[in-house]
Amino acid sequence: MPEHSYKHIEVTGSSSKSFDDAVKTAVAKAAMTLHNLHWFEVIETRGHIEGNEVKHWQVTVKIGFRLD
Amino acid sequence: MPEHSYKHIEVTGSSSKSFDDAVKTAVAKAAMTLHNLHWFEVIETRGHIEGNEVKHWQVTVKIGFRLD
Amino acid sequence: MPEHSYKHIEVTGSSSKSFDDAVKTAVAKAAMTLHNLHWFEVIETRGHIEGNEVKHWQVTVKIGFRLD
Amino acid sequence: MPEHSYKHIEVTGSSSKSFDDAVKTAVAKAAMTLHNLHWFEVIETRGHIEGNEVKHWQVTVKIGFRLD
Amino acid sequence: MPEHSYKHIEVTGSSSKSFDDAVKTAVAKAAMTLHNLHWFEVIETRGHIEGNEVKHWQVTVKIGFRLD
Amino acid sequence: MPEHSYKHIEVTGSSSKSFDDAVKTAVAKAAMTLHNLHWFEVIETRGHIEGNEVKHWQVTVKIGFRLD
Amino acid sequence: MPEHSYKHIEVTGSSSKSFDDAVKTAVAKAAMTLHNLHWFEVIETRGHIEGNEVKHWQVTVKIGFRLD
Amino acid sequence: MPEHSYKHIEVTGSSSKSFDDAVKTAVAKAAMTLHNLHWFEVIETRGHIEGNEVKHWQVTVKIGFRLD
Amino acid sequence: MPEHSYKHIEVTGSSSKSFDDAVKTAVAKAAMTLHNLHWFEVIETRGHIEGNEVKHWQVTVKIGFRLD
Amino acid sequence: MPEHSYKHIEVTGSSSKSFDDAVKTAVAKAAMTLHNLHWFEVIETRGHIEGNEVKHWQVTVKIGFRLD
Amino acid sequence: MPEHSYKHIEVTGSSSKSFDDAVKTAVAKAAMTLHNLHWFEVIETRGHIEGNEVKHWQVTVKIGFRLD
Amino acid sequence: MPEHSYKHIEVTGSSSKSFDDAVKTAVAKAAMTLHNLHWFEVIETRGHIEGNEVKHWQVTVKIGFRLD
C-alpha cells in the first residue's frame, strides 16, 4: 500500500434531526466540491435552542481528503 | 440587530435512551428555571455501565441564555 | 458505601450504524475480557468516509472498571 | 488580610466598538445582579462579520466575586 | 436507580492550613446556599506567598449538585 | 430560519496600530477572495518587538463563512 | 545507566482521609499486580460530597512501570 | 519591513523513512499548488505499524503562506 | 540569514488604560534587563474589578529574546 | 472491509541514538507481548541530559492494536 | 493601589513527606535567589515510587514575583 | 538518593539539518550559561520554509536544571 498525503478542512454541518445527521450534512457539503474524502473527526458539538428545546444541532468536523 | 449579552451555565443531563436524549434532558432541566436559553455546547460525554452494557448516558452541556 | 479503586483502559469501537452504537461496541469489546465495568467517557469521535458518505463511526472511550 | 472565598460565573459581553469595550460590557452586565466583583479572565474572543467587516465583538469572561 | 441531572458551579476556597483544607472550605461555602451537593473536581491550585512562605492556599473546585 | 453549513479558514492579520486592527486586517484579507463571511474567533495573539517596543501585532483568527 | 522502557497505566485511588492518601491507595492497588512501579503523575482530583462535607477523595494517577 | 498576512492550511505527509522526511513530504505536497509558503508547525505525529515495525510515519503540519 | 536560538520568559504587565497598553507595559518591563527582545505571545488576559468597573488589565505574555 | 475495534496502550521507549529510534524501541517493546499492533501516536518527547549533551531520548507513544 | 508587573518562573520542589511540603520546598528554593515572591500555581504533580510505595513527591509550581 | 529541586527554562534551538539537531542546539545554548542540566521536554516543533523546502527547524524545549 503506497503512502498517501492528506489535506484537512473544517466544516460545520447543521441538522434539526440529530447529532449523527449534522455530521453527515457536513460530510455531504464537503463532498460537493472535493473528491477523495477519507476520514472525519468531530471537533465541536453545539446547537441552537428555541422555545426551550433543541432547535438544531451544529457539529464541526475536521475532514481529511487524499491529495492525488 | 442589537448586541446581546449572555450568561453561561453548565448542566449534566442523563438518559437511558441515547446521547441526543441526554442533551435534550439537560436543556429541559435548565429551561425549568431560566428563560431565553439560546445555545448549547457539549462539554463532556460520559455514562454508566451495568451488566456490561451502557446503562445511561450523562452528557454535560454549557448553555448560554440571553440577559434581558 | 465503601471506597473503591478503578483502573482505566482506552478502547475504540466501530459501527456503520451510529455514534451511539460505536460506543456500545467499545463497551461490549471491553466486557469480553474484563469484569466490573463501571463507567465510560468519550475521548474522540472519528469515522471513515467512502463514496462521500459516512461509512462507519470510530469512537474512542475511556472505560473504568472496579478493582476487586 | 483574611482569606476569602470566591464564586465564578461566565458572561459574554458584546460591543460594536472594540475588544476592550466588550469586556467592560460583560463586567457591567454581571454587576447588575451581583456584588463584590473582584477579577475577570478572558476565556474566548469571537465576533460577528457583516458586509465583510467586524460588526461586533463577543468576548466571554470568567468573573470572580467574593462570597460574604 | 433513577437518572439524575446535575448543575455545576465553580468556587475558590482559601486556607492558611493546607491544600485539603482549602477544598473543604470551598465545599462548605457552596453548602451555605445549595443543597444536594454531590461531587467536586479540583480545577486550579494556587496560593499567595508572603515573607517567602506559603501564606494561604487558593483551590478552585467545580461542584456538581443534583437538580430536584 | 433555515439551517446553514459553514467552512472555516485560519488567517493571520498584522497591524502596527493595535490588536483590534490586526483582527480587522485578517477579516479584510479573507474577504478579498471569499463571500458570506459570518463569524471569527481569535486563536492566537502574537507580535514582533523592535527597539524594545511592540512593532506590530499578529493575530490569528479562525473565520467561518456560509456555504451556499 | 542503561536506557529503560516503561508502560503506563491509569488508576483511581480513593480515600476518606486525604488527597495524599488517595494517591498512595492508587499506587498500592497497582502494586498488587505489577512490579517495578517507577513514577506517578496526578491526572485528575475529584471526590464525593455527602451531608455537605467531603466524604472521600478520588485521585486518578498515571503510573509508569519498567518493562523487563 | 512591511506587515504581512498569512493563511494557514493543514497537511499530513507520509514517509517510510523518517519523521523528518514526512514533514518534508507535507511541505512538498503543499508547494505543488501554493506559493509563498513561509513556515510550518508540527501538529500531530502518528504512524502505521506492520509486522510489529514502524511501516511509515504520518506527520500533520500546519503551514502558513503569505497572502499577496 | 543565520539560524538563531531564543530564550523565552513570561511577564505580566498591568495597565489601567487598555489591553494593548498592558502588553506594551510587559514588553517595556522585560526590556529593562534584557536585550534583543524579538517576539511576544499573549498567554493570559485577566484584570481586576473595583466598584463594578474594570480597574486595570493584567496581561501575561511570553517573550522571546535572541541568544547572542 | 469489516469494522474493527482497537485497544490502546501507552509506552515510553528510550534511545541514545535519535528521536526516531526511541519510537521504534517503544513499538518493539510493545510487540514483545501484543499482536496486531496497528498504529502509534507520539504523546510526549523528553530526554535526559548528561555532561551538557543529550544522553538519550525518551518518547512516549500511544499504540493501538486490533482486538480479535 | 498601584499597578504592578510580575515575572514568572517554574520550579519543581521535592518532598518525601507530602504534596503540601513539596510545594513549600519549591517556594523556599525560589526565595533563596529572588525577592518579592507573590503567588504560585501548581502546574504538575508527580512523584517517584520505590518498593511499591510513594518515595517522594515532585510538584512543579509557577511562581510570580513583583518586578521593582 | 536525596530529593532534588529543579528550575525550568524554555529555549528554542534552530538547525538546517534535522529535528534532532535543533534539540541538541537548544541544549548546547542553555549549557553555555547554566550547569547541572538534567532533562528536556519538546514543547513545540516549527520551522521556516524557503523556496518551497524546509529551510531550518526551530524546536522549543523546556529544560530542567538542578538547583544546588
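In this document, chain identifiers A, B, C, D, E, F, G, H, I, J, K and L correspond to the written order of the chains, with residue numbering beginning at 1 in each.
As a convention for this text, contacts are C-beta pairs under 8 Å (C-beta built on N, C-alpha and C of every residue); 3 or more make two chains touch, one makes a residue touch a chain.
Computed from a predicted model, the values in this text were never measured in an experiment.
Shared contact partners of subunit E and subunit F comprise D.
Legend: contact pairs of E-K compared by residue number with A-H, I-L or A-C; the interface matching in over half of them is A-C.
Rounded to whole angstrom units, the spacing between the C-alpha centres of subunit A and subunit I is 38.
For the pair subunit E and subunit H, the distance between C-alpha centroids works out to 44 Å.
Centroids of subunit I and subunit K (each the mean of its C-alpha atoms) stand 23 Å apart. In terms of their C-alpha centroids, the spacing between subunit J and subunit K amounts to 31 Å. Under the contact definition stated at the top, the residues of subunit K that touch 2 or more other chains are 19. Listed by label, the pairs of touching chains are A-B, A-C, A-F, A-H, B-C, B-D, B-E, C-G, C-J, D-E, D-F, D-I, E-G, E-K, F-H, F-I, G-J, G-K, H-J, H-L, I-K, I-L, J-L, K-L.
Of all the residues in subunit D, the ones that touch subunit B in their complex are 9-16, 25-26, 29, 56, 60.
In the complex of the two chains, the subunit L residues touching subunit J come out as 19-20, 23-24, 27-28, 31, 37-42, 63. On subunit L, the positions that touch subunit K within their shared complex are 3-8, 62, 64, 67. Per the touch definition, subunit K reaches subunit G in the complex via residues 18-19, 44-49, 52-54.
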